Amino acid sequence: MTTLIIVDQPPYGSWAGREALDMVFSLAAFDQPSALLFIGPGVNWLRTHQTPAELGQKSAEKNLSAASLFGVESIFADQSACEQYRVTQERMLPGVALTSNIQKILNAHNRVAFAG
Amino acid sequence: MTTLIIVDQPPYGSWAGREALDMVFSLAAFDQPSALLFIGPGVNWLRTHQTPAELGQKSAEKNLSAASLFGVESIFADQSACEQYRVTQERMLPGVALTSNIQKILNAHNRVAFAG
Amino acid sequence: MPNSVVYTLVITAAPWVSQAPQTALMFAREVLLAGHHIDRVFLYGEGVHLASSLSTPPSDEVNWSKEWSQFLNQHKIPATVCIASALRRGIIDETEQSRYELAANNLRMPFEIAGLGEWVESNLSSDRVIYFHGAS
Amino acid sequence: MPNSVVYTLVITAAPWVSQAPQTALMFAREVLLAGHHIDRVFLYGEGVHLASSLSTPPSDEVNWSKEWSQFLNQHKIPATVCIASALRRGIIDETEQSRYELAANNLRMPFEIAGLGEWVESNLSSDRVIYFHGAS
Amino acid sequence: MTNNHHNSGTLHILNKAPEHPRFAACLEALSPSDTLVLIENAVLACASVPLPDQSLALTADIKARGLTASCEGIQTIGYGDLVQLTETHTKIISW
Amino acid sequence: MTNNHHNSGTLHILNKAPEHPRFAACLEALSPSDTLVLIENAVLACASVPLPDQSLALTADIKARGLTASCEGIQTIGYGDLVQLTETHTKIISW
């Protein structure tokens, strides 16, 4: 029973996305299947070349890169949001599955939650 | 020099509007001129017949009604937002000036702020 | 009771900011009235502020932290505050106070600080996990 | 200095929730570098959490409460926490602790608790009042 | 509200005002067999936007906001009814 | 960024993502003589929506979000430049 965590907030401006990732990492730590879905401005998590040193925050990109290492099953992203924010394939973290059918992703997971 | 405080959050779901009103009441308490502008879903503050007893919150309507008593100079509201939310004249708190030109209201005040 | 359902409630937004803790409390009361069971209440993110022992609203306003605490005590429902969310936001129990050599603690009883593992466990042991988020 | 400008900075969102306290600190440093003056920093609404003495982020993350407190101390800038916002959210100094008979206090130095009157006064005495809000 | 058999659709609990991006995201995610419950700020939608047939709204939130007259077209429920819906739906998403 | 005379327009400081209702409200309120500074989440607009000519964006926020390449069409500034803008504008609105 895979738990899907949805991220709809962009990184750096708020902590909501980081807290969503922590949920997914915890599921993985306890060997529970998990997946991530990025929608709306949340897809900005997926852009490469993030350099937040000047803000004094840790890299969201590095934070998310740990996801597949930690055993997160799938990382989905809304294709139209990626297009809107120009998160193109060559500027996107590897391993992201684009979808144009959010409803289908939601229906395929028994437990679906936002972090906040 | 009148300070204009803008409310764009509806009542009850968050405290932002109440904290905006507190700012206006404080200005009035120190004899400083103040005004309120309601935009977007913030116009739901202006609807009469609010009965929040079941929620365990104090009435936002009563909270706002105190504004003119406390010496707030003007209460403005975005006309199109009022129409969108069907806050009609007969269901609106008295003393609200409708505007279709937000820019003009903003330009007429030297200090303009949101509560959050 | 054949139709009894086991719930976990997760609150992710703070009182006096959002309506989430209020809605969650109304919901929780009806869960028990319907003969169901609340396995755990879990506070995450901004929700951890509900567990502050120092919240002091004006005397003519409901104290949602106190109301929640009374409800939990009365029905002996375990309530967990996520440790990572709590430490960042300055919600501290005696253990964390001494671990980090802080000047005070402010966790309201009966809330307890623990990791997200408790949430993971609730996901497994509960029939329903219901989230109460903020509105903004 | 003929072009010196007097600023008040108002922060209305919490650290580890929003970027507001970080942006405000970067801005404040540049204000002083430019030879201007900061009359007061005012914490309002969710911003009062910046004044918690108990915030304990992971050791590899910046502690924004501590950074702000050091900046204020170093430059002797008064910092006021709105009393109404603070009491509801459980940010308490010794005075309020004894007034409300609470078990602890958690206001970080040099922040002081006072009313919105201080904000009104800053509106009069400062050339610029700059607000730093949350992003959600 | 009285049937006790399980519903195969998803129960969506939405608390955001219609302007909030998550409001539109929720409505887009709704399947025909799903149920939508508007709570807190989301009940403001009763006065302002077209809602799908499978929408319900919390009475206490409607009354608080002075919307009783504006919400005549929508079925209203109490907190107990909401609990019952979470009982009959195995899958629930809070937006 | 170097002139020291006062500007009669309003300085708008915007930190919300383009989906946030306050983003649109801010852009609607902009007069031709005003200046708009995008900070924090608002710099995401550089990659996604058309912006008025009088727009500036904070470099640190652009770099953090990996948007340097996407923001070539917009003038970028540092925190010190933002301070200077608040010095030359007597009227400032933070959205």
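Letters A, B, C, D, E and F mark the chains as written, and numbering starts fresh at 1 in each.
Note that contacts are C-beta pairs under 8 Å (C-beta built on N, C-alpha and C of every residue); 3 or more make two chains touch, one makes a residue touch a chain.
For clarity, every value in this text was computed on a predicted model and none was experimentally measured.
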{"item": "Chain B and chain A - chains in contact with each", "value": "C, D, E, F"}
{"item": "Set of chains whose contacts include both chain E and chain C", "value": "A, B"}
{"item": "Most heavily contacting chain pair (counted by C-beta pairs in contact)", "value": "C-D"}
{"item": "Homomeric contact chain C-chain D: same or different residue positions, threshold half", "value": "same"}
{"item": "Distance between chain centroids, defined by C-alpha means - chain A, chain F (Å)", "value": "27"}
{"item": "Gap in Å, rounded to a whole number, between the CA centres of chain F and chain C", "value": "39"}
{"item": "In chain F, residues with contacts to at least two other chains", "value": "15, 17, 19-21, 40-41, 60, 90, 94-95"}
{"item": "Residues of chain D engaged with two or more neighbouring chains", "value": "16-17, 19, 45-46, 84, 129, 131, 133-136"}
{"item": "Residue list for chain A, restricted to those that touch at least two other chains", "value": "12-16, 40-41, 55, 57, 111, 113-114"}
{"item": "Touching residues (chain side chain F, partner chain D) in the complex", "value": "4, 13, 15-17, 20, 39-41, 60, 78-80, 82-84, 86-87, 90, 92, 94-95"}
{"item": "In the complex, chain E residues that touch chain A", "value": "10, 21-22, 25, 28-31, 90-91, 93-95"}
{"item": "Residues on chain E engaged by chain B in the complex (per definition of touch)", "value": "15, 17-19, 40-41, 44, 47-48, 60-61, 63-70"}
{"item": "Complex interface listing, chain D residues touching chain C", "value": "14-17, 45-46, 49, 52-58, 65, 84, 87-92, 96, 100, 102-106, 136"}
{"item": "Contact set on chain A toward chain F in their complex", "value": "10-14, 40-41, 44, 47-52, 54-55, 57, 61, 84-86, 91"}
